[in-house]
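Next up: the structures, one after another.
Consider the two complexes below, in which chain A is the common component and chain B and chain C are the respective partners.
And then the complex of A and B:
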């Protein structure tokens, strides 16, 4: 079958010296623009924004980490209120994330989800850049904050990382704080005694 | 008195009758009689010209429509009547329906009215009749070509109307005599240091507007673009009149410019070398017309287009003659107008015959027709010799006069242009001669017959006149002398004597005949002659059959085309097309903006008008 080709004479227009002035017809029409500080735009429902993580459902299978095309997900061992989570949870680096949400699709338990919020702006300070690297918070919490402000911003104002104690503090926008401790990375659980010497002593003590 | 009216209106009435009757045979007869009446009456009116001019005034709608048959208008009217008659005669064969009879005869009326007009209103009205009728003739054949012709003509005609308006506003008269006196009085007072009724700007404006008006009609160089299309896309018998006579209306207009405001224009524009500056402009544009028309004629692949451009080229000579502005050069120009009408009318009748008999128009379809159409070929031979300017024919006498006039005034650039034009005239005629008449004959025109009788008679008339006026160039020259009332071209009817050069047509014919006799004797006393078929020819010693086309029919002047490639890219046709396209686009844009369907916009227009009125203090 011969390929269907439209004749060139149908496609090629003859140039004109005057016709470009027809572009001025918008001079008296309402300009199509959104005055962003005053007006807001609603992102589409299910707009691919930041992630949420239901820590209760996450089984630490690392499917998300495997499928991530940008390798933005690292499994993280977390200790909340002195109690270590049984499974590692994904920590997402928004410096690399492409927001393809493959990780959400692949998550077998539905623990990882996403929400319409998409705005995250920081300065170049090292402290502020911490915001780009987080373990997502619970969807209900996120939803709550999003509904409260409806400006589609990142729900955390500041993440404080204590290098020594490895304690991470999320200062949420509604004033709450959320603390946990990162005790290790990877799929394998970290060695429980972070400080070997005193623990050995304890063990010795217990043995004794 | 009534004769004049009959001269002007009989073709129109005949055309109307032919249109109404639409009986085959009758309409042709009526049309031919209608075009014959002016010719007979003009010849009859000739003796009375020497006493006083024939005039006639008609009161129509509050206007006095005046006609006058002066010597000048008689000469031009005779061109119109003779060539018009032959063209109408040709149309008896080639016209397809009564529509063509109506408009062909109407345009003859128009052009006769233009030539016999005695005031500017009559001139303008008949100018428009002529334009409209010729437009309708082309319109039947090709819409695009006719609209191009019409728009350009209308621009020219209304430029003229504006000029007439200015003149009328200033002088309060429309008759030629009054205007002429007013202008000469004005020039006189200007020379004496006073301020005339026309300022310099106004004079220049009127001159420019008339230049536009007459330039369009004559086919002057930047305004010639309509001619190739309009001349080719119509009944070719009619084109004999279209090119032979209607373009002379423009020439007549330029002469009228001299009659009306010569002194004033000289005073305002001054002289350039020995020519008046305003005339030099006409002459220079005429020179460009010769060159452009000639080169483009050589590069055409269509027989009709070739002669259309040739027509433009020949008009250039007339404009040069008029522009140079001496009595001799104007006489030469009128002479060339006559001879151009004669040979170009003949050419277009030949083209009409060829197209009528073969149905083909392009050079690639022709060849070897001389054997099949001997009479037409003989006529074409006369026309070719005449156009190219070969001595015993009228084309030589008129071109020679123009050359002499230009050389006498010592205008080297114009002289170069005119001579180049003469050379290029040979060039395109050789193309016509070679591709149509000689060489192999394509098998599909093997059974072509010779010209039909009406066309043959028409060609015969023009061919005979070409020869007569060529052998006896004094016939025309003596008549033209009477225009100026003095002996500008001396000699008798056989001889033109300019004082610094002479041309004896009879003597030259006799000598040429003797020369031909000697040549014939040498030829016929030579070796025995044997007729061979056309394929029995050279071809580097190879055998040739009819399947080989050895006649060059396409791109005959390819090297010329290549040499001129840069110049040929500059096309005024394209320029006008672009301008017209831009105007169309502008109209569309304006329509979109102004009539935008927004009620508030219309309210704003009202408000703006009110503001303007307020600002004007109404």
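And then the complex of A and C:
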């Protein structure tokens, strides 16, 4: 059987000087526009937005870090209230993340999730850019903030990193603060902070 | 003397303001046809203020600066000759050929400036603009001849006065043909699609305008606004009967009514231009030249022949 080809005479139209005038028919119709600052649009449910992380469920397996096509995930050792978490947690860099949510699909315990919020804008200041690099907060907390404002913005207003004490403070939008310490990166647990100092000295000694 | 000067200033201010409103209307109506909302109607004024307040100005020499001033000057001069109802400065000398000529000079000024910038895009744009300018001459000339034949005078003001008694030009068949040809030419003079070949946004990245920025662009915007006003005014004067209203007893009321009537006529001309520009895509330069030498020329020539019979 020959391939089915529609005849050219069926798809070819003759040019016309009259038909273009039909284009004017929308002149008195209501414009199809969403006036963004005044009107709002709801993103689809399960729109792929920012991540959420249940810190108690994450087992630090780094599956998410391995599947991430943009290598946006770095495992991070965290100390909350002076107690180090037993497992590392993923820290996501939104400068690289493509929001493919492969990391969410691959997470074996379901600790990593995502939520519909998608708006994050900052100036070019170094301090503000810190917002793009975070350990996601608990899903319930995120949901609460999203439901409170419903403007689909990032739930953290400011992230303050203290270079010396390595203390990180999230200033959430509803006024709460959330503090923890980053004690190290990578899959291996960091050495207790007292040890590296003498080690460095030893090395220096040996070199000398 | 001083009174004339003041009058000229008022005409310029009025023309600039209305011209900017026309530019805003163009954007607004185009947006509505696209089912968008579009910018507010005063947007071109804001744009121009922004252009004029830019800190840096690139210049490529004297001709580059001069060309733009030249364009603006020519537009202002054209404005002085076109009768604005009963108000005008030099309406006694406002002869059809002179005004037609003056309305084309701005394009030459912009060409000067563009060519001296040394940008190849500007060069291409200038070539295209000159070819368009060449192409529109033929139908334009026939349309003018038709008018002059019909009314037996070249004076714009006399033509306006003649229409007061004998009805609008477009109601006479030979002049209707001339008006159609002139309206097609107007599309190119406005620089609107389908004949916006010299600017051609997206094709040759703004053509002659490609190098202008800051104050140069601001002045060009003002020139464009005035040009829009002058061209629509000229068309409504010679084909739509102009307006000299003497129904009221007070001269001020008469003047205001004249301006209002003229404004409505100008808007009608403008709206047709907007409609055509939103629904027809751009011609290539060879198509445009062929087109102008064919249909509008035939129509206008027919009009001229009929008018002289």
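In this text, the second predicted complex is superposed on the first by the 192 of 208 C-alpha atoms of A that agree within 3 Å, B and C clash if a C-alpha of one lies under 4 Å from a C-alpha of the other, contacts with A are read in each partner's own complex, and residues count from 1 in each chain.
The rule we apply is simple: a residue touches a chain if its C-beta (ideal position, glycine included) is under 8 Å from a C-beta of that chain, and two chains touch if they have at least 3 such contacts.
Note that the structure is predicted; figures quoted are calculated from it, not measured.
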Partner chain in contact with A:33 - chain B first, chain C second, else both or neither: second
Partner chain in contact with A:3 - chain B first, chain C second, else both or neither: neither
Partner chain(s) touched by A:16 [first = chain B, second = chain C, both, neither]: first
Touching partner for A:41 - first (chain B), second (chain C), both, neither: neither
Those residues of chain A which chain B touches in one complex and chain C touches in the other: 21, 24, 28
Chain C-touching residues of chain A, taken from the complex the two chains share: 20-21, 23-24, 26-29, 31-33, 35
Chain A partner contacts - residues on chain B that touch it in the complex: 578, 581-582, 585-586, 588-589, 592-593, 596, 598, 601
Chain C to chain A touching residues, read off their complex: 29, 31-37, 275, 278-280
Touch list for chain A against partner chain B, complex: 14, 16-19, 21-22, 24-25, 28
